[in-house]
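In what comes next, chain A is part of two complexes: it sits with chain B in the first one and with chain C in the second one.
Then we have the complex of A and B:
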């Protein structure tokens, strides 16, 4: 029927098509605006040195946002990412301390850290997908449990990280800061992960669990896989926290959990699942970083900073939503 | 040779017995039609074979061996593929990913082999190339496709399993004639290759065009299996409806044009919107105006626009003398416009909620109810449900426990508590069994007699010819012809519909 073709709705122009392919475009736009604003208030903030500092500080949030994105793909949520990061943070600090703080002991501790993150993710996945508890409540409960474990391992914050560890994280090789190598490695990792069967299957589950089940997908295993991936990235985030703070703190990650959720939404992913990109979450984590530094550079009095930060994040969310809607309409 | 044999299969959902005693013998190299009123257990039987529903009792024999189909994955491993009536597509994934979703091509264990994915998908897309429309490409998101294209993707997905046993549960409900013809060609090829195919449809002509044998199910029990060549549509309908045959016998004679009152209830002038243009007509109180033509020629879009979802871009509609505000469904409802969609699961049913909540939202909205008192609401709801002959166990049961036909009755009942002036019916009987259809049209006629103005779009020509007082035939988004009185014949309808297409 030739008439059918002419009757279908047209795409919402070039921007609509672009937005569909790159849902993180609004986030990128906000990012650019914030960068300019930062530059206006404090020209120094755009220096290589300051940007390195920004990436170094917010690498952890980027990784946590990525972690959160994979569970949100499948329409799940993980309120324990921060707690996992705390647990991994104290675990590797204590291990490195016990093993003497040499290069090998650091690597061994990092290996254990990844396994701890993976284990936490598997626990979450088991509780949510296999026992079918509500993700939001179940991971809230596991977050308390993980925090409890962290407090047992290191009751008081403050045990220092070995010098070799934080020197590496804060240092440079061949004139390029370590965090940029880490960022490139992350980009490659994310690129590869986006091409895995698991990523597509997670998104398919998020689009409709019943449909995915009826298509023959192992829905429970896929959701557990998402949580496992989330746990591993939370562990990687913990490494960055440790490198940045150079010490152990059993409560360090707690306040980052909801920031990770905010970053996922800001990055253009749908909390209802099935739609989103990790790139968007990474950009959004940087947006949150830039908002915080902007609030500081703009000379906001310290007791007003939280208020302004909150408003700025709300504004960023609104702009993101409005731009996406305009593009899709 | 018998490929698949089901004997004495049963399934109950809570108190509702979906399938009492299902028997089916599927031969190698045949198209086996399964027919029965909605709620008779066809879909349940199919889902048991496909593993997405586990039977309470009964045996499944595949190639003579007893098998347990423990889930959809197990079914795939056993070589059973299925087209789901409600579709099993992921809206945000591409056509290619959806087609290959059950078995994404692997590359070194973890990764998707993009080239293989595309190549595999293109193979199945190519099968429908001539009839699918240009948007149906491997990289289009399924959510951006029309209903008929989505249905084609689900067909491709079922075909891509390359399973020896293929089940199609109402695969043609959204397809146009050319698409159905192409699909049937493919089915015949598959049959000639020795595949075993189960085919469900409510369209009698399709059943007789494609089927080798037909099995009739009634009230959850297999009644009989016959060779298509040795039976007639009348005989099949007779078996389907059993004792209640008079309900199902199609009225051949069109109803007499109503002595409708002369005052216009709804006047539409030069209305234009997405998918239709420059449409003008008048509906009088007590009149049923039919919208006909091929699928997707603007009929649904027009009805939705009159309901404000989304509003039309130009033109005017008037109710009696007042201008109809079509800015949102909310204001349309306030002005006494009712809209019933054939896409129940998307536009009608509030899934997972009790029947009572599904009957009363419009009542609550029109009366600005703040508190819901179930006792009072039930008093309002029950007469409306009764008027429709709705079968249900209790108002507090989930709407999901009902068959498609009964769900649609609930959705219609929602509008009848406070009578509207205009009733817009957008293919209201899609996927509904014959006896429920008969109930519905009897009710629609009764409502018209009570003075409602009704606009009816139906994808089934017989429904329009039998029930509409006048028919506007749509073609390419505009009205190509108006048929009234003795002009309302199948010939005229087809001629106007196919004219420029």
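Then we have the complex of A and C:
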């Protein structure tokens, strides 16, 4: 189960070793197959324009999946990521509106948004790690609280985002769409975070809380750190949601919470903690996007689309769990 | 003295005390809150949640991170199936019951097979199944009308039946007795606690671990389906995703009843009290004159505070 299992365990086969080093391989394979299938059913779907659209739409889910991954590293779970994203969404929308919607007000609002996400994450970390409540039910309770807060800030959906905000998110810079800059920035950020002490410590705590504690790690602080990181990434996801929908909606993120959990599992991370990668979660978020577009391009009648999507995601989850287990057995 | 502390620490005692306190508080805030008729209405709502929570309780007791996120989907689906089978006629009720139970058992079977044979974590398996169920709901809704409850079913859920209590309360009491019997008087019940506290040991001792676990998921589906049937009777006709509101509250009811999510410990009596507690709390919040946002914040915060009364995780020791 450990990330350093390859050092201590004699591996049975080349595939197992490969999986231990790159737990996201199954996800990458599914991703490639889906990409090809999309191309077969609708060659146009592989055009630069379509792929840009895919990344733009699913950037938010990618970030939420990353957020969830850091918590899952430590064998915790956060059912409030969607609510945090909603709260940040309405917060920045209202702030930008109040401050006139200029470039500077956007930046200020985004700064506040990150802080709100961080604060929510700290609250979650406090109730789960410090008060030692059960993560599933405790974060569900905080999600209700955050949703209430979002409803205070913006009672009904609909306040528009300033033009400069969504024009930037949906636009291009030097001929390259903005979302690709964001994707590159995300990749660099994730790479740097993966090398931090916190990432390693989260995995160590997930692998065995007692062992981590006995070897002198501040387990409670580390778990709170995981939730804080999760809150910040949920805030970043909210920025993308806002850029994509160009409006505020106090309930916009609610549906995304369970998808973020699905993406983490699909990406090869273990819900039992101690094993996983954020890269896998990012790929898995795109898999969910590709499944949705494939179902559409394959000509599924509209009211059957949800069922086919559900079945495809369930199948992908099963394959993901079964294959990635071989790497850890 | 120790005995007293034990009683005070008992989750059932905690829940009952909290319920009494909330009823008192509610009655102070809005006189008539704790009147007989009002309490009866609360109990009907609690019965619906409690029946879903019975299945959830079983799955959680079975351990290995047992949880069933698909109950909400099964409740919705069962309400639609029942509505269409009976279509407003009393004669269709037996067939509707059969169809609901079969539906619930089928999806429970899928969950159970995924969790045992393929060893998919229950959270993942039932989450995926929830997606499938939600998709299925869309398909059914487009194809056929949502169906109506038979008069006898509505009467069973809402009208007094025996000793002034509606049939659904008696049904819930029956579920409670059945659960107590299963958990404490049958081999099956012993096996649930055995696999919940130590699956490996239970396997060594000859407990058919897989079959037991599959049965737990099937029972969870069946209980959710029965709740869906009753919900149809309660609301008259089924509407979009009625069951969704039961997914996480059913888990909270179990936790408030003193069954930890780690499994192997606890029982259903506490869960019944937990369901009542949750419903009373929600109902108090609707009687207080604050808007939706404030209500949600108070609800969330109160849930957290209440959780503090129940078993917190053990602290780490060197």
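The rule we apply is simple: the second predicted complex is superposed on the first by the 313 of 329 C-alpha atoms of A that agree within 3 Å, B and C clash if a C-alpha of one lies under 4 Å from a C-alpha of the other, contacts with A are read in each partner's own complex, and residues count from 1 in each chain.
Here is the rule we go by: a contact is a pair of C-beta atoms (placed from the backbone, for glycine too) under 8 Å apart; a residue touches a chain by one contact, two chains touch by 3 or more.
Quick caveat: nothing in here was measured; it's all calculated off a predicted structure.
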item	value
Which of chain B and chain C A:176 touches, first, second, both or neither	neither
Contacts of A:322 with chain B and chain C, given as first, second, both or neither	second
First (chain B), second (chain C), both or neither touched by A:40	neither
Chain A: partner with more touched residues, chain B or chain C	C
Which of chain B and chain C A:274 touches, first, second, both or neither	first
First, second, both or neither for A:137, with chain B first and chain C second	second
Which of chain B and chain C A:195 touches, first, second, both or neither	first
First (chain B), second (chain C), both or neither touched by A:184	neither
Chain B versus chain C as contact partner of A:208, first or second or both or neither	first
Touched partner set for A:32, first chain B, second chain C, both or neither	neither
Contact residues of chain A, present in both the chain B and the chain C interface	210, 213-214
List of chain A residues in touch with chain B within their complex	1-9, 20, 192, 195-198, 200-201, 203-204, 207-208, 210-218, 274-275
Residue numbers on chain B that touch chain A, as the complex places them	50, 52, 71-73, 75-76, 82, 84, 87-93, 97, 101-104, 106, 110-112, 114, 131, 133-135, 141, 146, 157, 176, 178, 274-275, 294, 296-298, 475-477, 500-501
Of chain C, residues touching chain A in the complex	65, 67, 69, 114, 118-121, 123-125, 127-136, 138-139, 141-143, 248, 251-252, 255, 260-261, 291-301, 303-304, 307-308, 312-318
Chain A to chain C touching residues, read off their complex	77, 79, 127, 131-134, 136-138, 140-152, 155, 209-210, 213-214, 219-220, 258, 261-262, 265, 271-272, 303-311, 313-314, 317-318, 321-322, 325
